[in-house]
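Below, chain A partners chain B and then partners chain C, in two separate complexes.
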Partner chain A sequence: MEQTVTTANLDATVAALGDAVNDVRVFRDEVTLITTKGRVVEVLTHLRDAQHFDMLTDETCVDYLPKEPRFAILYQLYSTSRNIRVRVKVMLSEYDRSIPTAAGVWIAANWLEREIYDLFGINFENHPDLRRIMMPPGWEGHPLLKENPVKVEEVAFTFNRERVEADKPRAQE
Partner chain B sequence: MGLEQKLGNMGVVTMSAEKAINWARTNAIWPMLFGLACCAIEMMSTQASNYDLSRFGMELMRASPRQSDLMIVAGRVSRKMAPVLRNLYDQMPEPKWVIAMGDCASCGGVFNNYAVIQGVDEIVPVDVYVAGCPPRPEALIDGILKLQDKIKKEPLTKWQ
Partner chain C sequence: MTTSEAEPRVRIEESAKNVVSAADTQLDITLDQLKKLVSPRALTGENMLLNMGPQHPSTHGVLRLLLELDGETVINCIPDIGFLHTGIEKTAENKTYTQAIVVTDRIDYLAPMICNLAYVGAVEKLVDVDVPLRAQYIRVILNELTRMNSHLVWLGTHALDIGAMSMFLYTFRERELLLDIFEMVSGTRMMASYFRVGGLWRDVPDGFVDAVKNVLKVFPDKLLDYEKLLKENPLWRERTIGVGVISKEDAIAWGMTGPSLRGSGVNYDVRKAMPYSSYDHFEFSVPVGSKGDVYDRYRCRMEEFYQSLKIIQQALDKLPPGPVITDNRKIAPPPKHEIAYSMESLIHHFKLWTEGFRAPEGEVYFSVESGKGEFGVYISSDGGTKPRRVHFRAPSLCNLQALPQMSKGCLIADIVGIIGSVDIVLGEVDR
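On to the complex of A and B.
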């Protein structure tokens, strides 16, 4: 049966990490370790080597716009030998959108970090190949940031139809 | 039509070149094999035996734009795909037509966001729009018949 890091073995994990982990949250048996950007690589390397979290299933970002710190980088880890999961979370400030890369810990982080860079504009320090991966190469901006509008085109109703149609770009033969 | 009186009943039909050419074009449209999203599934079933598009002279889906006359844009077009789509359109030999199949290709559909072109008419000229999400094969066939009516009326001077 699949289980997450349980409270029984959690204490040992947290104790081994010492003050690198600021906070531990347990919600419905899901464990989140909260750490800082300066020590995240150390925490991830420890989890991989000493705790056998050999698989990075996902790495993603959340934009909590009005709040500060604004961004959260999340690492979802899985241990194939122990069949348990854990999440590592790092908060990032709006004014310092950079974090050391995890591509040296799991190679899977390479493309996941490119995706975060592409959509959120987070800079991964020492990343081997930080280029856009989803959007076209000439794209300007980072589309999943919350300051972007949700819609790109005004929805046409009877009262504004003519204006919307007039603004619409049309193809030539 | 003065020829019959002179030649007798020899089975000769006379008509304008425009009509003859349009008749030939109408009944041998080769669509391009080009599915982009979920609508492509309906395009495939339109093609398959239940609905059988070959009844209308379209049994050949060509995998190359250089051999096709009709581009059925079946699905949403992402902004990254847009230059590719235009490139394929430019590679098709004239005469050529475009059907925007489904809400996404016609106007962006439910995807009013940064990633999807708000209607494929922003990048290629569209002849027939087929509504629906996805349109049933009957709807696509209706769109194709509408296109055939349109081709029959086209002046020869349009494609030079």
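On to the complex of A and C.
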């Protein structure tokens, strides 16, 4: 389905950012600026202050296993005055799962980054309150990583019910 | 009383340990983390830490709040979410594009068809397929009915929280009219899953148009009743005006959307800003508040009822005939009768139901205006039949995030009013 997305004047935005932006990709009229971990806060601050992208709509992570760099952190920005969207993307290596926080740029990044930390195990440097947000406190690991299977417990049918019931984790006394 | 220097400090540490262990075993929070969240007075025990929820009728689900109180004044409010986390994003990653429509109903279970539209819209954008106009119009009608459904539940529970019980009974009575229509088209009252990639599951049945016309006839009077009960009610105004104020700039910085943002005076509605599903064919206005308090958010939602009725009326008048699903056989299954005589259709049918369709490699973000705000879907595809990653941008999560700021300095009784006014659904917050 089509959705009208204005991408006018983004060339000027890219030019103003200079060498902080490594690559610009356009897919289905959506513009993605690719930058590096070291300069992401600078790019986001510039987009907020000089380019009027005042709203951080969304921030999320993608696990590209088995590719390397393995993770991508995505910032979906929206400008209420210009009515345009832009996406900023940072690739992260499997061996260095940390990135500076964007909570200093948009306060909205606080919980969104906590969610990424909880579900993907990405560490946000200088985050004001980096705690688990979705999973229970005792849960080990990060569920949205590709190495975690979707089904851990076997489904109980009539022929295997007794065995499955016996293996089920129970609350400890 | 002896006052040595070391003693008060010991007392503070001891008391703080008690606070952490007694009030907060479930937050899994260390003392250092708690110190950043509450004021020093809470650690000495001068301010009270009170647990609210997750099992609480006024938190609209399983929201838990840790409140720091000075008397009845809220000093700090720390929301604790995740009790309804069901791993919907993980589930959607492991299903084909068509299968995952079912889980989108469960995100915002009060507005299932809006979530359906956001998801199928994102997939349609990814595979680049056109939707017939009739399907688009029916989607608009159902989306506006869903929005009214969502707002009716909000109005009833919000008023119930503040103490107007009869409102709840009236709104749930009218909600039946809408649920009957959903049952008519999809077979279920709540978890519709009626939209498919490329169109609709099937055309609307006979009697759909009459049922929607009945809604258009009945609702204006009912809305008048709702207005009579609350709009000028001095008790209601006393409890809502000037409560939970958030400024325009703060609301944008917190990423708030929907009526919660518009109540603060920002005119941002995805239906107008980036029209989808032919919303640009209809005339409607976006109600905007000015003060950003609970009353303005209430007014915005009430005005949206009238705008929804206006859109439905126009869509019904202009409803074109024709197919309701795309004829692209690589995306949408062929009609049953074709399978009987066409080998190619049989192959398409078999491939679609065993494997699903392949989407090109790439990433898209598609958003719609839900009853709560901007509901967005991000899909990253690796070129296969299942997405690499699906992420749902839940408006309730971002709106709820601003709750600590809105509730700072208010009375504990006003907290329930503020929670009601941002209209959260915990299924969407936790996903």
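The rule is short, and it goes like this: the second predicted complex is superposed on the first by the 150 of 173 C-alpha atoms of A that agree within 3 Å, B and C clash if a C-alpha of one lies under 4 Å from a C-alpha of the other, contacts with A are read in each partner's own complex, and residues count from 1 in each chain.
The definition used in the following text is that a residue touches a chain if its C-beta (ideal position, glycine included) is under 8 Å from a C-beta of that chain, and two chains touch if they have at least 3 such contacts.
Keep in mind it's a predicted model, so treat the numbers as computed, not measured.
In the superposed model, A:153 makes contact with chain B only, not with chain C. A simple residue count on chain A separates chain B from chain C, and the partner touching more is C.
In the superposed model, A:123 lies in contact with neither chain B nor chain C.
Using the contact criterion defined above for the overlaid structures, shared-chain residue A:143 touches chain B and also reaches chain C.
When both complexes are overlaid on chain A, the residue A:79 reaches neither chain B nor chain C. Contact with neither chain B nor chain C is seen for A:45 once the two complexes are overlaid on the shared chain. Legend: residue contacts after superposition of the two complexes on their common chain; A:107 is shown touching chain C, with no touch to chain B. By the document's definition of touching, of the two partners only chain B reaches A:170; chain C does not.
Applying the stated contact rule after C-alpha superposition, one finds that A:135 touches each of chain B and chain C. Judged by the document's definition of touching, chain A residues 134-136, 143, 148, 150 lie at the interface with chain B and also at the interface with chain C. Put simply, chain A touches chain C in their complex at residues 1-5, 27-28, 30, 32, 54-58, 60, 62-64, 74, 76, 80, 83, 85, 87, 106-108, 110-112, 119, 128-129, 131-138, 143-144, 148, 150. By the touch rule above, chain B contacts chain A in their complex via residues 79-80, 83, 86, 108, 112-115, 118-119, 121-125.
Those residues of chain C that touch chain A in the complex are listed here as 26-29, 33, 36-37, 81-82, 85, 87, 89-91, 93-94, 120-121, 124-126, 128-131, 136, 252-255, 257, 266, 268, 273-277, 280, 362-367, 374, 376, 378, 380, 388-389, 391, 393, 397-398, 401, 430-431.
Every residue of chain A that touches chain B in the complex is listed here, in rising order: 134-136, 139, 143, 148, 150-153, 155, 168-173.
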